[in-house]
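Lettered A, B, C and D in written order, each chain numbered from 1.
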Amino acid sequence: MSDVETLWADFKNRIATADDYVNSLRGRRMNVFFMGERVPEPVDNPVIRPSVNAMAETYRIASERPDLAIVHSGISDSQINRFLHVPTAPGDLVNKHEMQRELGRRTGTCFQRCVGLDAIGTCHSVTFDIDAKNGTDYHQRFLAFLKRAQAANVVIGGAMTDPKGDRSKAPHQQTDLDLFLHVVRRDDKGIYVSGAKMHQTGAVNSHWLIFMPTMRLSEADRDWAVVGAVRVDAPGLTYIVGRQTNDTRIVDGGPVDAGNAQFAGQESLIVFENVFVPYAHVFMDGEWDYASSLVERFTTYHRSSYVCKTGLGDVLIGAAASAAEYNGVEAASHIKDKLVEMTHLNETIYSSCMAGAHQSKPVASGAYINDEMLSNVAKHNVTRFPYEIARLAQDLAGGLMVTMPSEKDLQNNEVGPLIRKFLQGRDGVEVTDRMRILRLIENMTIGSNAVGYLTESMHGAGSPQAQRIQIARGMKIEDKKARARKLAGVKPSEK
Amino acid sequence: MSDVETLWADFKNRIATADDYVNSLRGRRMNVFFMGERVPEPVDNPVIRPSVNAMAETYRIASERPDLAIVHSGISDSQINRFLHVPTAPGDLVNKHEMQRELGRRTGTCFQRCVGLDAIGTCHSVTFDIDAKNGTDYHQRFLAFLKRAQAANVVIGGAMTDPKGDRSKAPHQQTDLDLFLHVVRRDDKGIYVSGAKMHQTGAVNSHWLIFMPTMRLSEADRDWAVVGAVRVDAPGLTYIVGRQTNDTRIVDGGPVDAGNAQFAGQESLIVFENVFVPYAHVFMDGEWDYASSLVERFTTYHRSSYVCKTGLGDVLIGAAASAAEYNGVEAASHIKDKLVEMTHLNETIYSSCMAGAHQSKPVASGAYINDEMLSNVAKHNVTRFPYEIARLAQDLAGGLMVTMPSEKDLQNNEVGPLIRKFLQGRDGVEVTDRMRILRLIENMTIGSNAVGYLTESMHGAGSPQAQRIQIARGMKIEDKKARARKLAGVKPSEK
Amino acid sequence: MSDVETLWADFKNRIATADDYVNSLRGRRMNVFFMGERVPEPVDNPVIRPSVNAMAETYRIASERPDLAIVHSGISDSQINRFLHVPTAPGDLVNKHEMQRELGRRTGTCFQRCVGLDAIGTCHSVTFDIDAKNGTDYHQRFLAFLKRAQAANVVIGGAMTDPKGDRSKAPHQQTDLDLFLHVVRRDDKGIYVSGAKMHQTGAVNSHWLIFMPTMRLSEADRDWAVVGAVRVDAPGLTYIVGRQTNDTRIVDGGPVDAGNAQFAGQESLIVFENVFVPYAHVFMDGEWDYASSLVERFTTYHRSSYVCKTGLGDVLIGAAASAAEYNGVEAASHIKDKLVEMTHLNETIYSSCMAGAHQSKPVASGAYINDEMLSNVAKHNVTRFPYEIARLAQDLAGGLMVTMPSEKDLQNNEVGPLIRKFLQGRDGVEVTDRMRILRLIENMTIGSNAVGYLTESMHGAGSPQAQRIQIARGMKIEDKKARARKLAGVKPSEK
Amino acid sequence: MSDVETLWADFKNRIATADDYVNSLRGRRMNVFFMGERVPEPVDNPVIRPSVNAMAETYRIASERPDLAIVHSGISDSQINRFLHVPTAPGDLVNKHEMQRELGRRTGTCFQRCVGLDAIGTCHSVTFDIDAKNGTDYHQRFLAFLKRAQAANVVIGGAMTDPKGDRSKAPHQQTDLDLFLHVVRRDDKGIYVSGAKMHQTGAVNSHWLIFMPTMRLSEADRDWAVVGAVRVDAPGLTYIVGRQTNDTRIVDGGPVDAGNAQFAGQESLIVFENVFVPYAHVFMDGEWDYASSLVERFTTYHRSSYVCKTGLGDVLIGAAASAAEYNGVEAASHIKDKLVEMTHLNETIYSSCMAGAHQSKPVASGAYINDEMLSNVAKHNVTRFPYEIARLAQDLAGGLMVTMPSEKDLQNNEVGPLIRKFLQGRDGVEVTDRMRILRLIENMTIGSNAVGYLTESMHGAGSPQAQRIQIARGMKIEDKKARARKLAGVKPSEK
C-alpha cells in the first residue's frame, strides 16, 4: 500500500449519512485543546458537539434535499455531495447558494463546510493554470485527491489565514519565520511544513485540510508559496479551540438558556510543526507568482458563500416575529414595519450573492467563478446588514431578553412558580416557549451564534476594507469619468 | 382600408434610426401644452427636445449595440428592437437590464421607453389569462397589435396612473367619475374612454399609448377595467407637460449651465376626452378581476427596470471623480473611499435587479417575469441609495457647484477674464471643463435630471410603501417563525 | 423607637467610602436566587460581585471627583452624593450627566444607581403636585425619607416596570391582578403591596427601593396607583437575578477571558408578596390621575441619564484604537476614519443629552427636569448609535476577537508557548495585552457588558417606539404646517 | 471729515426697519453682474430680490422678537441687533441660535447675515490676542469700527474663502499671486488688496465686508495675512452673482411655480482689484501666525450657526405634513412615522448646536466661543441629516411634485380647467394650495433653496472632511485608550 493509500485507508467506507459522519469523528488521535485542557474525544465534548451537529447537517441535507445538495461530478463521474463539487456552470453556484441559505435556516449558525468547498474550486483552476505554464502535474494530483475525497465523502477544511506577525513585513522578513506557514524541509517523499493557521472554521470537525497561502507573495517568499492537503490527525498538528461567547452555557445552563441548544460554530488555531505532506498531496510548491490569483479566486468564491447569513437572517426574523407574537404586539404597525425592513435587508444580501452566481464566468480549467465585483459587493453588505437586522431583532425582543432568569430558576421550587406567574405573556403562550425564543434572539445577537452571525460576517473571507480595495480595483473609474465628461460636453482630447 | 389599417397607415415605413425617429415626431397634430402655451411642434421646443434626444438613444443603441438591443421575436419572427420584445427567457430580462443600464450611462437621464416595454410584457400574459378563462380573443388582438408595432418599430408609451381623487374611495364612488379612466360609451366599432393619466413619462415623444388600470378593482368598477392602445395624436387627447427643475436653463443659459445639454426626461398629464378605441385595440374591457394581476405584473417588471438608475449612477460617480481630479484632490484617501462607497451602493442596486431577472419565471402565456420579491427589494433600494450617492457626489463636487457664475458671465468682456483667472483649479484643466462637470453634478442632484435620478427613483413604479406592502406579502413569515421555533426547541404543537 | 426609626436603625453610620458600601451589603437576609440556587451572600458571589464593584464606583467618585459627585442639598442642608440629589438648577443636571459619563468611562458598564436617582427627582415634584391639589402630605413624607437617605448615603433603587401580562388589558382587568404591583391590604400602620417589578437594575446592590406605577392609569386602577419606599430586605421580597451573556466567564475563565473582570451590570426580577410599607414611606396611594405625569417625568429624567453610554463609548473607542495599535495598523486612513466616526456618533449622543440638561425647566416643586423633546431625541439616538459604534469596534478588532484561545490555554504547558508564538502582533506588544483588549471589545459588543451597552440602550427607559410617541406629541406639527403654508403662499383661512 | 468719517457718512441714519434696510441698498454704484449682464440696481432685480427679502428678515425679527434679536452691547453700551453682537456669555450664543432657527423658519432659506456675525466675534478675540503679544492697536480699531456699525445697524458680510488655485501650494507659491487675497501696496493712509473671495453669501445685500484669510499661513505668506473692512461699493470691487437651480423660475414662472416666492439665498464671487483700506479698518496686517486661530475660531462659531437649518427643517417637515394632509393620507402610520423620523433628525442637529452654545467658553478678549468638538459634531450632522429629511419629504410629497404643470397652465383657458379637475385631492383642498405646497417641497429639495438646505449644509463653514479633521484632533484618543487598557487589565507601564 502506497503512502497515499495508507493515508486514505481509514476512508474506505463512504460517509453516507449524518450519523456516519458523527461516528467518523470518533477514535482519532488528534491534539485538541480547549480552555487549557486536552480534549480526548472532541465529538463528545458538550461545548464542541453543537458544532459537530451543524457540520452533520451538510450530510443530512444531501438526504433530505438532494435537489440542492447532490450533484453529478464529471471528475468522478458520480453523484456527490455538493460540498465536494467544482462548479462548472452558473447553475452550480446558484444551487450552492440556495443550499447554503437553507443550511443557515436549518442550523442558525455556521455549518463550517464552505471554506473547504471554496478551496476545492480554487485549487482546481490554479493548479490548472500553473501546469499550463510550467508543465507541472499539480492538477492531476489535485484531481486524484478530489476523486478520493468525493468517493469517501469526507469533510475538507480550508486553511488560509496565517498569523502574519508584523503586518508591515513580508513572510521571509518576519523575525519568526513560522508566522506564515512554509516548507521547512523536503525529501524524496514529500515536504514538511511548519507554521499556523488562525480562525479555522470547523477544523476539528473535518477529515482533511487544504492549506493555502494567505496573500500575494514575492519571489523571496518562495518557500511560503505552498498548497497541500493533510489529514486532520496528521502528526505535528495541534488544535486550540477558541473561547466564544456563551460557549459554556450549554454546560452550566441547559437547552433553554442555550437558545440554540443543538447547533453552534467552531473556530480553532491550528499549529503545524514539521507536518509531512506526500508529493501526491502537494498542489503548489514554490510558485509564488500564483499566490495572488489563488487568494483572489478563493475570496471571490468565499465572499459569496456568505449568502448563508441570509439563512440565519431568516431564523432571526422568524424569532423576532415570534417574540412579537408571544408579547401580543404583532399587529402593531411599527412591529410589522421592522419585520419588513429586516426582510428587505436580508433579501438585498441574497440578491447580491445570487446575481454574482448567475453572472459567474469560467476560467481556463473550466471551473466557474462568481462575478468578482458582485461577490465583493455582496460580502460588503454582509458586513453591515446583519448588524442592523440584529439591532431590530433586539428591538422586537424587548428587554426581557437580557434580564430573564435561568431555566434552572424555573426548575427551583421556590422561584419557579413565581417566574411562571410573572413572565406570562399573551394567553396560550407557554412561559418556557417565550423564554426559548428570547434566548434564541440573545444567542444570535449577543450570544454564542452572534459570533457567526455578526463578527464572522464582518471578518470572514476578508474584512470590510479588503472588499473596498477590490471594489476600487473593479470600479472602472476611467470609463465612468469618460461617460460623465461626454455628457458634460468636455472634449475628449482635453482629457 | 379598415379603421385599424388607417390608424397604422402613417407607420408604413419602419423607423430604423435615431434620426428616423426624430423625424417621425414632426407634423403630428397633438394638443401639447407647456407653461401655459400650446406647443405646435414639440420636437423643436428647446425644453422638450432633450427628452426627444434621450428617447432617440433607444434607437441609436440598436445600431451600436445590437447585442443588447436587438432580439429575435417569435411573435413577428423577426429581429426587433428589444423595447418591443416580450421576454421569453431569463436571458431576455438580463439583457434588457444591461441595455437599460447602458442607456442610463449614455443619457444620464430617463430615456422614457420602459413603461411601454413593461406594459407589453404585462398585456401579453394578462390577455392570455383572460382568454383562457373567458374564451375572449384579447390575446390575438394584442399579438396583432404588437406585430404591427414591431414591424413599424414605434415607441409605445404605457399609461397607468390615474389621478385617484379621494383616495379613500373606489373609482365608481368618486364624485367625478373621470378621476379614473373609464369607458363612457361603446358602439359597434369600439369604445370611448374618458379620464386622465398622470406622471406620463415620455408621452409626447411616443407614437402609441397603452392605457391600463392603476389598481385592484371590484365588480362595481367594471367600466374602469379597461386596457387599450391609442395613437398619441388621437382626437380627444391633451398633453400638459410638467414644469421641472431647471427646465428652462437650456433656454436662458446655455449648454454649460445646462449641465447635460443634450438629454433630459419628460413627464406629462394626459387628458382623455371621449377618445375612441376600435375593438381591435381593446385588450381588456370589463374584466375587473384581472386588474390586480395586471398591476402586480406590471410593477414587478417595472420595479426592476429601475436598474437604469445604476447607469445614471455610473455617470454621477464618474462626474464626482472628475470633479475631484479637476480640484487636484483625487488621491486623498477620503475621496477614494467615497467613490468606493458610491460604487458599492450602485452595484448593490444592480445586483438586486439582476438577481430578479436571472430568477424570473414564466407565466401561462410563456412570458417571463422577474422574481417578485427581488424586484420589490431592488426598487426599494432605488428609493434610498441614489440619494446617498447624490449626497456623496455633492460632497466631492465642492461648494462651487452652487455658487458658480453662469456661462454667460464667462462670455462677458468685463467679468469673463476674472472668472477664468479665479476659477482656475489644477494646472492643465480648462475652467470651462471644470464648470461643465460641476454643472453636470448639479444637474443630477438638484437640477433637471435630479427629477429622474432622485424623485422618480422614489415614486416611479410605486412609492416606497408600495414595495413594503409587497415585501410583507412575500416574506413567508410563518415559515420563518417555524424555523426559529424549531431551533429554539418550541414544540410545533404549541404553535 | 418608631417603626420608621427601626427601619432606618441599620443606617446610623453614614456610608462614606466605596469600601463602606461593599461592607454595608453583607449580612442582610435577602431572598436572592441565581441560576436555580439561593445566594446567601450576594456580595461574595463571583458573578454578582462585579456589579457590586460598579455600584461602589458611585461612592468612589464622590471622593475622587467631588466637583462632579458632591453637591449641596437644600433639603438636608448638607454636602451629599449627587445620586441622592434633587436637581434645582440646570447646572445640577449638567453635572449629573458629566458624572454619569465619567462613571461610564470608569466602569465600562451600567453602575446601576441612576434609576433611583431619577425616581427621587420624580417623586419630589409629583408628591408636591398631589399635595397642592389634594391637601395630602406626601411631599413632607418624601422629604423626610430623602433626608434620612441623604444622611445615611444609601443606595436607592427605583422599581417601575411591571410584568404587564396581556398588554391589551388595564391592570384591574388582568386575570392575575398581581401582574401590576398593587395595594392588597391597608391597616392603621401602613399598606401591603403585591406584584413584581422586572428588569430591576442593581436591585440586589441597593439598600432601599422606591416602587412606582409603570404607566397611565384610570380610576378603576386606583389600587395600582401606589408609590412607596421599602428596604431591599423587607419581608416578602424575592430577587431572581437574570442570566446574562458570559456571566459565568469570570468563574470558568479568568480575568483575561472576562474582558472586564472588575465591572458588570445586574438585573433582577423582584417579586413582592404582601410587603408592608408604613405610611411614612408611602408617597402615593390611589391618586391614579398622577400616574401619567409620574411616568413622563421619570422617563424624561431617565432617558437623558443614558448619557452614561457615551462613557462606555469612550472605553470602546479607546479599546478599538488600542487594538488597531497592537495590530500595527493604527496609521491606516480607514482606521483613523472609523475612530472619527465612532467619536462623532458618541459625541452626538452626548450633545443631545447635554442640550436637554442645559435647557431644563423647573416644575412647581422647584425641581428641574430635562427638556422633554431633547431627552427623547437623546435616548432615541442611544437606541441606534451604540450599535454602529459596536459594529465599527468589531471591524477594528479583527476576527481574532472571537477565535482566540482561553487564557487557560495560555497557562497550559503544551499550547501556552504556541499561543505566545503565533499571537504575537506588533513588536513590543505583550500577547496577553492584545488578548485583554480584544476580550474587552468582545465584552462590550457580544459579551457581558453588551447587555448594558446595547440591549439596555435599546430598551432601558423605554423602547424606541416609546420615544417616537413622545416625539410625535411634542413635534408641534401644526405650527410647522403653518410655517410651510405661509412660505408657500397658502392663505391661512383656506387652511 | 476724516477718510474714515467719509466712509461712514452714508450711514448716519440708523437702519431701523426692514424697509429702511431695503431702501438702504438703492442707489449704490456697485459692479454687480448676473448671467452675463451688469445689474444696475440689484434690489430691483427679480432674481436677486428674494435674497434681499431674506436678509431684511434679520431686521424685521428685531422688531417682532426683540427677546431673540435685540441685545445690550457693552461695546456701544446700547441695545443693538444681535447680528452685530460679540457674545460675552453662553446665553448670548444660545439666544443667537434660537434666533437663527426662527429666521430659518421664517424664510425657509439662507438669510445670509451669519458669516458677518461670526466674523465679528472672531475678530474681537484675535485682534485682542495679537495686540496682547505685539502691542499693536488692532483691537481698538476693531472696537471703533464695530461701534459705528452697531450705531448704524448695517449688514456686515464676512469674506473668507479664497479661490486657492493649486491646492498643493501655499499662497506665495501660486503662479498667480492673486489666488489668495493679499496686500499689493501700502501707503501712509492704508493698504491696497487684490484677489478674490468665493461663495460669498449675501455679499451684494451687505453694506460692509470683513475679509479674512482662509487657512493657516506661514511666514512667507505674510502679505496674505490680512484682515480688514471695506464698503461693498468700494472702488475695485466686482460681484458676480452665481447661477443657482431655478433662480429664474420667479421670472419665467410665477409665485406658485417658485415654491417660495418671497425668499431665497445668494452667493457671489467677489473680485478685489487694488481695493484701498484705510488703516483704521485694517485689523491684521502680516501677523501670519494668527491666521490659524482666526480660522479655527471662525469655523467654531460658524459651524454652530448651521442651527439655522433646523428652522428650514421645520418648514420642510411642515410642508411634508401638509402634503400628506392634502393627499388625504396623513393618518397612515407610515406617514406619521416618517414625520417623526424627520423631526428626530432635525432635533438631533438642534441639540448638537445648542449643547455647544451652552458649553461655550471665554477667550482672552472676553468673547465666548462655542465648544469646538460639539460645534464640529453639529456641523457634521448638518452634512447628513438634511439630506435624509429631504429624501423623506420627497417620499411624502408624492411624484406629482415633479410632474405638475406650471401655474401658467392653470391660467390657460383650455388646460386650466382640466388641471383643476384632475389635480383635485381631498375634498376642501384648493388645487392651487396643493400645488403651492408641492412646489415648496420641490424648492427645498431639488429647487432654489435646495442650494441652501442641502449643498450649503454640506460645504458651508467647511466640508465634511474638515470637521472630521477637527474631531480627530479633539477626540482625546490617548485618554480613551488609557481608560480601555485600565479596564482590560493592561498594566500602564506596558503601554
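We adopt the following convention: contacts are C-beta pairs under 8 Å (C-beta built on N, C-alpha and C of every residue); 3 or more make two chains touch, one makes a residue touch a chain.
A quick note: this is a predicted structure, and the numbers were derived from the prediction, not measured.
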Would you kindly say which chain has the C-alpha centre located farthest from the C-alpha centre of chain B?
C
Between copies chain A and chain B, are the contact residues mostly the same numbers or mostly different, with half as the line?
same
Can you check how far apart chain A and chain B are, centre to centre, with Cα atoms defining each centre and the answer in Å?
41
Taking the mean of the CA coordinates per chain, how far is chain A from chain D in Å?
53
For chain A, residue numbers touching 2 or more other chains are 334, 337, 468
How are the chains arranged in terms of who touches whom: line, ring, star, complete or other?
complete
Residue numbers of chain D touching chain B in their complex, please.
31, 33-38, 161, 163, 165-168, 176, 178-179, 196, 198-200, 238, 240-246, 248-249, 252-253, 257, 267-269, 271, 327-329, 332, 334, 383-384, 387-388, 390-391, 394-395, 398-406, 408-412, 414-415, 418-419, 421-427, 442, 445-447, 450-451, 454-456, 458-460, 463-465, 468
List of chain D residues in touch with chain C within their complex:
94, 105-108, 255-256, 259-263, 314-319, 321-322, 325, 336-337, 339-340, 343-344, 347-348, 350-352, 354-356, 358-359, 373-374, 377-378, 380-381, 430, 433, 436-437, 439-440, 468, 471-472, 475, 477, 479-485, 487-491, 494
For chain B, which residues are in contact with chain C within the complex?
333-334, 337
